[in-house]
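Letters are used for the chains, namely A, B and C, taken in the order the chains are written, and counting of residues starts over at 1 for each.
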């Protein structure tokens, strides 16, 4: 393979690796014995500049047409405009997370390790986004997951935190095993590791070997865990609630971006099918439809009963994974674009909502009960207004980007199939359920907004929000609004 | 002035009021009044300029080509009266909440977001865009009621918003069905009205769209959000709700469901007519039984919206004219009644229970007479807009092959019931000595109306009288646009 | 001969793997660790049958040797006693059994119909090395980053309150 080109393509990642060594080195050598808050200040600055440099390197690379259409090592490193966008979005979200990590933790004297693990997991998401190869995807997913397990346990002093991390680790390990077995069967049947070639080989088969069905089942279990699809979602509420909020934000967004790209890759035989009703796409879409249905039901009905904001957002995330699958079942180009668009907009809005929770409740050491946010409009009007934007986008209210995202999913699911006999809107029942569930979704999101914007006296004293945090929050809000008002450039980019 | 200015002014007003410091209630209300009045002036200017046929001020920009959505705006004879009523009610809503001090900046931010959404629906010439504005108008209602509301505000706000949102979910499903059924890859009204839609598709999609929109128009049995919501809402919001938001639903029924699905409309029209008559009679009878003054008005709104729906169900030129006229008329009069009961009378008596009122005619004579005038207008007394509207509706229903004669007779009985409850309630409110003991209604004369209240009442009553005396001011403008729809209905088979 | 050995090793691996998780006779962690060693050795036997001698050797050296020594050290240093019996709810047990047996049946049915694999003649150190450092260089590098994660994570989680 062309080493020079590969180094160029990996420049953002190399920048991040260099930056993370800088973080660790500065902490271990220069800042030995300094005050924790001071270490946080310096190391977080290094981490953010690292990510900014990584972003700039990626943007510079995107100006080089050779680097925008790149395939190295049989799909191990594939760079297309869409993949690059996902990678850079992951870096951007990691940049937001850097600003959210609390600077005065009472529990942990480890500073640089947190930032290093964050940077490493951002690398993992990046590699996932640029991989079209079973082996690389698996290794990248493990890179991401291991970082997340460790970060979840950051707050070792809290029993609940350690318990959630253990749960996450145990179920996550099991799901990785499923994924690996699925990958090995897929490799065993097709003899290929490149996902494109896997898909091409599957389409040459006259009839599907049963082992292939088992392989896809195992793959779905593995990825379903990462995306918190029902019935593999049980870890999500506990982890979101008990992990440090910054980490929960990263799990809800960065990890979701990477896993979605992986899911799209694994489902490629469905997308590539010569006609939409080939046996493999029939198998995949009926499986996905069932998962979509139960995810929407469990996620939305579960979220209704939550009193803790982070748990509620976790269930909301489960529901959103369900919507995402609704868009995917049609296996058309439109659904690919819709899924990518939705997951991007969901990640932005979700990151914003978590960021507000992190800034408000973590600094006060609270567990983010919905009631704690009573009267935010009075004590922190700016924060409350931004939160309104993020949550309304999650509830898919126009003109915010969440609405366009969800509309795109339903739109894709109703696209008439290429074979006319299959009738109008093969998935209209699924869309109908999704719409009913959206009403439920609005109910619980309004309950949250009620605490923030309606009720009287503030429960919490106002929190000082730093300039950097304001900048990232406003940036997220602007993106959420702008992508709703004018989604076309992004849709064009994703196509 | 361009019609889009109404929309831009409203959202600019929301932003401007929202960004002002909360303590400056005085400045905020003047700013709000300025934005609302400019909106009304724009709407008036549009009305004067409108030639009487076709779509005016048409703009059409690409927006999301992959979804077939365009930024297409414009107004015709059907939107015009509704733009006017929106402008009127928006101005009067500000006037009747002149004394608001608590969180005034947020109040007007939500208020103008709602008004902007409403203008947007009436101006959209693209169904996707229309739906976007329709949903924009949902969420501000929640906050307006939940923050500044009264009786059981949490329950009422949540119920109202969930009903609206569930209705819009149906609408969305119907729109998607329409889009894929038409196979034209577009959401614009222009092109969809030329697409050919198969009859079975129309039979399925029509009820989705009609019921989805009619939830907001207060159609029985989906009306229950309306009385509770109106009662809980603060005055300006209940004026908007009754005056304008319910018309969004009726407008959607007419423009989208009937306008685009003529075959579906013909099949379902008898059912719609039956439900509409239930609305009229049921609303009037329930209003008669209410003891809370605001609930009386709330149920009378349900009854009056029944006339709109009946007018729509006739599918004739006369009936549709009546429906649109009734939308305008009820918009103005409903808003006035809510303003009088919720703000003018309540701020003086501090109660809305009819049995606690004590001979109000002697103690607030001017207000009482204004209310009596408004009540007569609501009853449909000749000379007020309600008369012309209901007459058109009943005449249309009589001619219409889709509305059976029995239903028309029942609707006529509904008119009588309206007379009944209006007169009974006027008597109970103003001419009756106190019935209940321990009332908060004190003895003695009440202070007279403030300037803002006088202005608001004059504006609303005046426009009802003007349209009542010269209905052709509005009906002439809408004939050509309605004729397009009626022709489509007649041609379709 | 070949097939007999395969079934022998496979059964051994499965049995000892099961005994690691549910041992009805002993709840001693050291016993369980020993069964894990047995499972590893059986797996390396399977590798030998596939002519992957290098992998077989690595399996014994690294897993059965080094990793297990580490495990035993941890068990002894932390003085782990017999683990307590955990109560499993009836609902969870039924659901778990159903899921496991369903998956097992599915897998069994699918594998029975799968065609026999062809024997590949790779397995020498040279072949493996060549593959690792040419074709799979990129994942190899990612794995090295993964090891860094393990190091940083261990430092963070094990060393409490460094100051």
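The working rule: a residue touches a chain if its C-beta (ideal position, glycine included) is under 8 Å from a C-beta of that chain, and two chains touch if they have at least 3 such contacts.
Since this is a predicted model, take the numbers as computed values, not measurements.
Of all chains, the one whose CA centroid is most distant from that of chain B is C. With centres taken as mean CA coordinates, the chain nearest to the overall protein centre is A.
Per-chain CA centroids place chain A at a distance of 30 Å from chain C.
Per-chain Cα centroids separate chain B from chain C by 70 Å. Put simply, the C-alpha centre of chain A and that of chain B have 43 angstrom between them.
Residues of chain B found to touch two or more other chains are absent. Touching two or more other chains at once is no residue of chain A. Those residues of chain A that touch chain C in the shared complex are 1, 6, 17, 24, 33, 36, 72-74, 76-77, 108-110, 113-114, 116-117, 120, 123, 127, 133, 135-136, 139-140, 142-143, 146-147, 149-150, 153-154, 156, 188-189, 209-211, 213-214, 217.
Residues of chain C that touch chain A in their complex: 106-107, 109-111, 113-115, 117, 135-139, 142-143, 145-146, 148-150, 152-153, 155-157, 159-163.
Residue ranges on chain A touching chain B, taken from their complex, read 334, 337, 377, 385, 392, 397-399, 403-404, 407-408, 410-411, 414-416, 424-425, 428, 431-432, 435-436, 438-439, 442-443, 446, 449-450, 453-454, 486-488, 491, 495. Only residues 18, 62-67, 103, 106, 131-132, 135-136, 138-139, 142-143, 146-147, 154, 158, 161-162, 165-166, 169-170, 172-173, 176-177, 180-181, 183, 201 of chain B touch chain A when the two sit together in their complex.
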